[in-house]
Each structure stands twice: as structure tokens, then as C-alpha cells.
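Comments concern the structure below.
First chain written, first letter: the chains are A, B, C and D, and each begins at residue 1.
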Amino acid sequence: MVAEVYPSVDDALDGIPNNISLMIGGFVTAGAPFNLLHAFHRRGTTGVTAITNSVMSGQGLDLMFRDGQVDKLIATFAIRASGSKRTHFEERYLAGEVELELVPQGTFAERIRAAGAGLGGILTPVGLGTPLGEGKPTVEVDGKTFLLERPLGADVAIFRAHRADRLGNVQYRKSGRNFNPLMATAADLVIVEVDEIVEPGELDPELVQTPAVFVDRIVQCAPLEVVWNG
Amino acid sequence: MVAEVYPSVDDALDGIPNNISLMIGGFVTAGAPFNLLHAFHRRGTTGVTAITNSVMSGQGLDLMFRDGQVDKLIATFAIRASGSKRTHFEERYLAGEVELELVPQGTFAERIRAAGAGLGGILTPVGLGTPLGEGKPTVEVDGKTFLLERPLGADVAIFRAHRADRLGNVQYRKSGRNFNPLMATAADLVIVEVDEIVEPGELDPELVQTPAVFVDRIVQCAPLEVVWNG
Amino acid sequence: MAESQTRRPVGLTRELMAMRVAQELQDGMVVNLGIGLPTLTSSYLPADKKVLFQAENGVLGYGGIAGESYDRDLINAGGQPITLLPGASFFDSATSFTMIRGGHIDVAVLGGMQVAENGDLANWFVPDRGGGSVGGAMDLAVCARRLIVVMEHVTRDGAPRILKRCTFPLTATRCVDLVVTDLALIEVAEDGLVLREVAPGVTPDEVQALTEPTLRLASDLTEMSL
Amino acid sequence: MAESQTRRPVGLTRELMAMRVAQELQDGMVVNLGIGLPTLTSSYLPADKKVLFQAENGVLGYGGIAGESYDRDLINAGGQPITLLPGASFFDSATSFTMIRGGHIDVAVLGGMQVAENGDLANWFVPDRGGGSVGGAMDLAVCARRLIVVMEHVTRDGAPRILKRCTFPLTATRCVDLVVTDLALIEVAEDGLVLREVAPGVTPDEVQALTEPTLRLASDLTEMSL
């Protein structure tokens, strides 16, 4: 089915319950849905499992960790280097209040893709012989050993893109693409914030990087200014 | 490493031995490398395992079947409907002279992608309970059964695209994309015929659909006119 | 009953079958049409229904079959030249089957050779050619949200194609939701086959006589309205 | 020997280490630079070498770190703003790791905490923070064609980082090809570690004294030329 246009990011979260798994697209600032994240923060949604590459200190998702809205983080980048400021996530994690599942970034991307593509999991050599591979099943193929990593889907996915048409076709901008086309395939409800919504036919069909079938809700809003802080 | 520009399709096959696995991109006419295929035919390369979606009757690959250059076909579309003209492939196959591995199209695409992405195989529900799933290993994930299908790579891949820059960045045209970006990742030697070769910087970075790292040889030539015949 | 077993009732033309299938498509749906008879469906879509047609070779949002101007790079999964509607997009085969296996195809319409009463489908093996072609049919059959099979009710020799068990190699198990034939519209329910509609002038008895498993008659069984 | 164990020799600055790593990059190579010290490498590439830098967040062919104009959508894997060179491209994370796992990264340069004599690498777990971050490091370590680790030769406390066995949780096993430190350039060979170069003014004995496993001296052992 095709997408619907919503008048605001708060409206775009209509009907979303607590206790959801939530994919948050973007890589640091690129393609990250700060407007939608802050709407989730305002909404007070609790019991969230957040699936995202990393947590920016003191912004967006980190405020949801501060305010106890998130129970678990599935990410590739979580605990920072010695000497750097701790995120609210890290404080909660060290206090034993939230759970962390750390995933190698290629495995993270591919597990999300597997969920979206109706596949039963992925077979990767990455993580073997490390703590992130411990206890996981392995499969032998042609004499080589691979980790079997499970698909990673979610109830809701949010991310930012450049433009969308009213059907839900989406075009990204530069390195703002990253995990977003994958997450768009892997959640039951996909919500996208964009710079601009146009009429069908205004996007070059070659530049539609996420076709409309994957998108449920779109909302136009200016990017929220955030400052990169490592 | 980046790509090299070749002066002709015949030159672009320089050094390729017999007894190779050869991926041939394209879907019917769209994105199909008829110039390169005919160069392989002229070259007289033998012992080929052809990996391609289908065989067009009497053209390109089918001439290589006629002339005994191909030993095995891995395809999704192979034997035609009752009453249609037989391809040279079909005649050879029914005579027991060539081998056929029939693969569901989604599995075909995903197996090629797995080879290119360094994955150990794919887990798909498609093919279970059918002759195409018989004898293959299955894997249980979260109570569901999936076929484990092996990666499908090749020694050489050929396909047609719209434009390339001298580094090997490639842009496709309309439904000429199909299997080509996947095959570009999955062969040791990747050769692309294009309408036009341009300087680096002339392609929009958003429209590079196969980045240069995947491409080895590029050659500019007009599309060979072929007629669709089912 | 004896008469209906020896004389085949006159059913729908291919065009009328496609017209009946088109009625199953709802506004906003994403639909994949198989090669052959299913492709005809796009021509009978009412103007007020906007459907996104997907072709597994990497096109979403195509219109109909193109006229004389042939663009080698703009074709559907049957190799036919197509037109594009506003909002169309192109993508590679991996993305195309992500749509399909990922459950984003609301309706797939496929041709059939045999359908069993448990919903098994056989539509790829061509016995007199010693082999077959699957294309995207297996992926579509397993993964589309709703699978409609459109086919002649019986073979050229008059043998039933709707069987207790398929005798041809399967495309997928328990996948068919609805069968539209020249004689009837039959739903595959949990507990067997339900005859919902008969073609104009065709009786339920005539349909049953040409169908191997027993058909349950729907309480609201009607004649097709085309 | 006693002296070198108590007094740490003066080695290369971070900039000189990056400069030495840059010498390993050849024209036409596809190179991924990890966060931190490895990123510096791009600034010391000779003008006659054209290298395609890949960032795992979906950029191929970036130039250096951008100046004041910050584009939130144009960053490398460390989150730093970057410039683009002609011939650059953007892609999603699945394609990015297809490049990486598929063996298309000719050289990856990663930071390290510990390297073992069999090539094991530990570089993600931060003991005093009770956890860590992997990002793309595991994929790069396992799948890059050649893995260069650049790190200080010893910890702040003067303990060796090049060990018989890593004591920190591993990033990947048997993955390191070359280690560049402030004191030395060491190759990981099949049969152990080979000391190929020493930093200016540093002796092989001083390097050995700060290295746990025994180093084999290369027959052509030289001082680094920077």
C-alpha cells in the first residue's frame, strides 16, 4: 500500500503504543530523524527497544535514555573511548538499568536487510572467535564456518530523507542514505521526515532510492540543528 | 582497484581462458550485453558455465549453445511453454549435452548478492516442498524452516549499462538495472559495455548505481539491435 | 450430471477472466501480474482504482503495455515494452525480491496448471518439453500476501486442473487464496474449496463435475457480475 | 637492555606515524581509514597517488576533512565533515559492507589496543568504561585484503601492546598484516613477527625490549624513511 502525508511529526506518531521496537536511521547527523526522535521524547513513549547505529550524546535518543523511555539498545557504537563524556545511555547501562546488544556494523546492516527481505538470517564470517560471536549457532558451507545471525526487524522505523512524493517514494541526500533504505524494508510502520514533499512524477524514477511500497507515513519539516559531539 | 577502458569488446576479453563461469546480466533485452556475448561467441571460448536469467532464442548466448561453447546453464527461465520454438539450449539440453540448474529468481538474485557480499549463503523459504528444494540443507530459525542456498559467484561477469566514468562508476538505465549491480559484486573480473564513457565527476554521485570498486573493464559501444522473441 | 461430464459448458473468454480478476484489486494496492493471461488484468482496471503494478525485473508503478515505440530497457517481467505512470521507480533485482519476499506485494496474479484443494500450486513444469521455467513464480507464490491463480478450469483434454493433489511438480505448497477460471471463482479456505461464483450460464453442478475435490457452496453463491 | 626497559625511546609523532602508513598506499587502491589516528593518513598521501577512500557509512572517493562549511549529510565514519573528489559515489550501508566483506577494500587502516604475534587484533573493548564499540572494525579486520594497525608501541604505563596473546576481547583472529607504531614497522608473517623498520634513532634492541613476543629481524631491516 502507498504512504500517507502527515501534517506534523507529532501527528505522524498517532496510534503508536508503548513497548515497541524502534529503528532509528541515520549515521551520526547524516539522515538522522531528530524531529521524529524529539516527538517520541515529547510523547513519552516508554518500554522502547532502540535499534540504531549509535547514540549522540545529550541529543535525540539520548534524552529518551535519560528519561527512562528506553529499555534496550541494539547498536554498533555504544560505549565511548576513555576520557570522553558519558552519554545518558552509558550511565544507565553502567548502572544496570538498560540492556545493550552490540553488533558489528556490517552484520547490523545485513540483519536488518534480512528481516526486510524475508530471509531467515545471515551467514557471516565476522564475529567468529570474538565475544560477539560467542554462543551463536554456526553453519558450515563448503568447508568454511559462518556465524548464523538472526534477522533484525522492528515495529516502527523512523529516518530522515531529502525528498518524498505523496505516494511515499523517497530520495536521500549524500551520506544520509546509510541504513535508511534497509530500515525502510524491515519495520511494520515506516515514518520518514523529509525536506520536501512533491507530487508523484516529480522525482526522477532513477533517483527513487526507497520505492513507495516500503513507506507508510511521510512528514515535511526542516532539519533540526544538532551539533556533532563525537 | 579502479577500472580500465578498453577500445573494443573483443579487446575487453583479453586473457580470458576457456572453462570459466560467466555471469551474463540483463533481463531479456534490458541491460543485456549482446556486444560482449557476441565477442565471446567470436572468440570461441569453450567450457563455459553460463549464469543468466534466461536465454533469448537464437541470439547471443543461444548461439554459444548452438556452437557447443557452453556446458551448463544456471538460470530462472530455461524451458519454454508448449508450442513455442525451441532454443538451441533446449535442443542441447533435451539431447543430454548440457546441464541445467534451475533457480527461483529471488533466490538467483540473492545467491549472487551473497557471493558478492562475502556471505556464506542465504536462508529462504522459497523452494521448500518443491523439486528445486529437494536434497538441499535446511536451517531452523525461530521455529521456521528455511532452505540454505549457496552463494553464486563467477569468474567473469558481463553486462550492459548506460554510462560509466573512467574510474568504473556505472549508471544504469530504467529496467536495465535488474541483476547487473549484483553480478558486478560477484565476479573476479567484471566487464561492462556502455553507451558512453565520461570523465570522473561527470556522473551525479547519487546516480552511481555500481561504484567503481566493483568494475574492472569498461568498453563503449552502441547497443546491438536484437528483437524480443519470447 | 452425466451431461455436464461429457459436454463442457461455455465459460468466460480470457478477456472476461482478466476482467473478473481486476475486480479483486483495490485502490492503493501493490500488484504483481504473472506472464500471460494475468498480464491482461492491467487493461481492465477501473479508472478510479490506482494500483501500483510491480514487475520483478525492477519496475514499480508501470502503466500498460507500450505501443509501437520499443525501449529495450523499459520492459516488464514478460519482456513486453511498458509505459510508466507518475511515481514510478526503478531498482535492482535484489530490491525487487525484497519487496516480494518481504511481504509488500498485496496481490500476485499467476497462471496455473494445477491447484490442489489445500492450496498447492503447480505452474512451472512443462511435461511435453521435459523441463520448465520458474522465473519469479516461486517467490511470488510463497510470499505475496494474497495469491490469485487464473487458469482454464480444465485441460484441453477436459481433465480437471483443480485436484485433490497436484500431480505436476509444485511451485509452492498451500499458497493459493483464490482461483479464477473460465467457469468459476473458487476460494481456498482452511477446510477446503468454496465455490463463490459461477460464470454466467454455468451451474454449480457443471463446475463440480469438472473439479476433482468436493466444492462447498458459499451461502452467498452468485453468478459473476462482469 | 636494562636501560631500554626502564627508559622509553623517543619515537614518531602521530603525524609521522600517519605519514609512514601513507607510504603503504598505492595508486588506484581502495582504502578504508578507521576513526582517530588512521584518519590522519589521508593528509599525508603524496600528490601522485590517487587512492579511493571508502567510508563505511556509504561514501567512496572522498577527499579530506572539510573546513568550516558543515554539511550534516556529508560525513565520514567518524562523523567528521568531508570533501568529495571527482568520481565519488554514495550508497547504502548494505552496499558499503558488500564492498568490505566482498574483499574490495585493498587496505584498511585501523587503530589498535593489542596485537598478538599470530595476527589477532583487540581494538574495541574499553576496560575502564565497562564496554565498547565495534562500528565497522570487525568487518574491516576480517575482510580487508590487507590490514594495517597503527598504534603506540606501549600503553601509557609502558606495557607492551604487541603480545604473545591478546588479553582484551578480540576484534578478529589472525587478521593483522602490518603494525606501524611510534617505534617500528612490524610485519605479521606466517611464522611470527618480523621487524622491518625502526623509527629514526631507535634500535632493534629497544623495540624488542618493549615487545612481548620475539621479533625476527628482517634481512633488510632499515630505519624508516619519512
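Basically, a residue touches a chain if its C-beta (ideal position, glycine included) is under 8 Å from a C-beta of that chain, and two chains touch if they have at least 3 such contacts.
Being a predicted model, the structure only gives us computed values, none of them experimental.
Seen from the C-alpha centroid of chain B, the farthest chain centroid is that of D. One inter-chain figure worth recording: chain A and chain C are separated by 37 Å, centre to centre, where each centre is the mean of the chain's CA atoms. As a whole-number value, the distance joining the C-alpha centres of chain A and chain B reads 33 Å. If each chain is reduced to the centroid of its CA atoms, chain A and chain D end up 29 Å from each other.
For chain B, the set of residues touching two or more other chains reads 110, 113, 117-119, 124-125, 172-174, 205-206.
Of all residues in chain C, those that touch two or more other chains are 90-91, 94, 97, 100-101, 143. Here the touching chains pair up as A-B, A-C, A-D, B-C, B-D.
Across the interface of their complex, chain C is touched by residues 27-31, 54, 76-82, 90, 93-94, 100, 102-110, 113, 124-132, 172-182, 209, 223, 226, 228, 230 of chain B.
Against chain A, in their complex, chain C makes its touches with residues 28-30, 52, 54, 60-61, 84-91, 94-95, 97-104, 106, 143. Of all residues in chain A, only 1-2, 113, 116-119, 165-167, 169, 185-186, 199-201, 203, 205-206, 208, 211-214 touch chain C in the complex they form. Note for the complex: chain B touches chain A at residues 110, 114, 117-125, 139, 141-142, 144, 146, 148, 150-151, 171-174, 205-207. Partner chain A is touched in their complex by these residues of chain D: 55-59, 70-75, 77, 79-80, 90-94, 96-97, 100-101, 125-126, 128-139, 142-143, 169-173.
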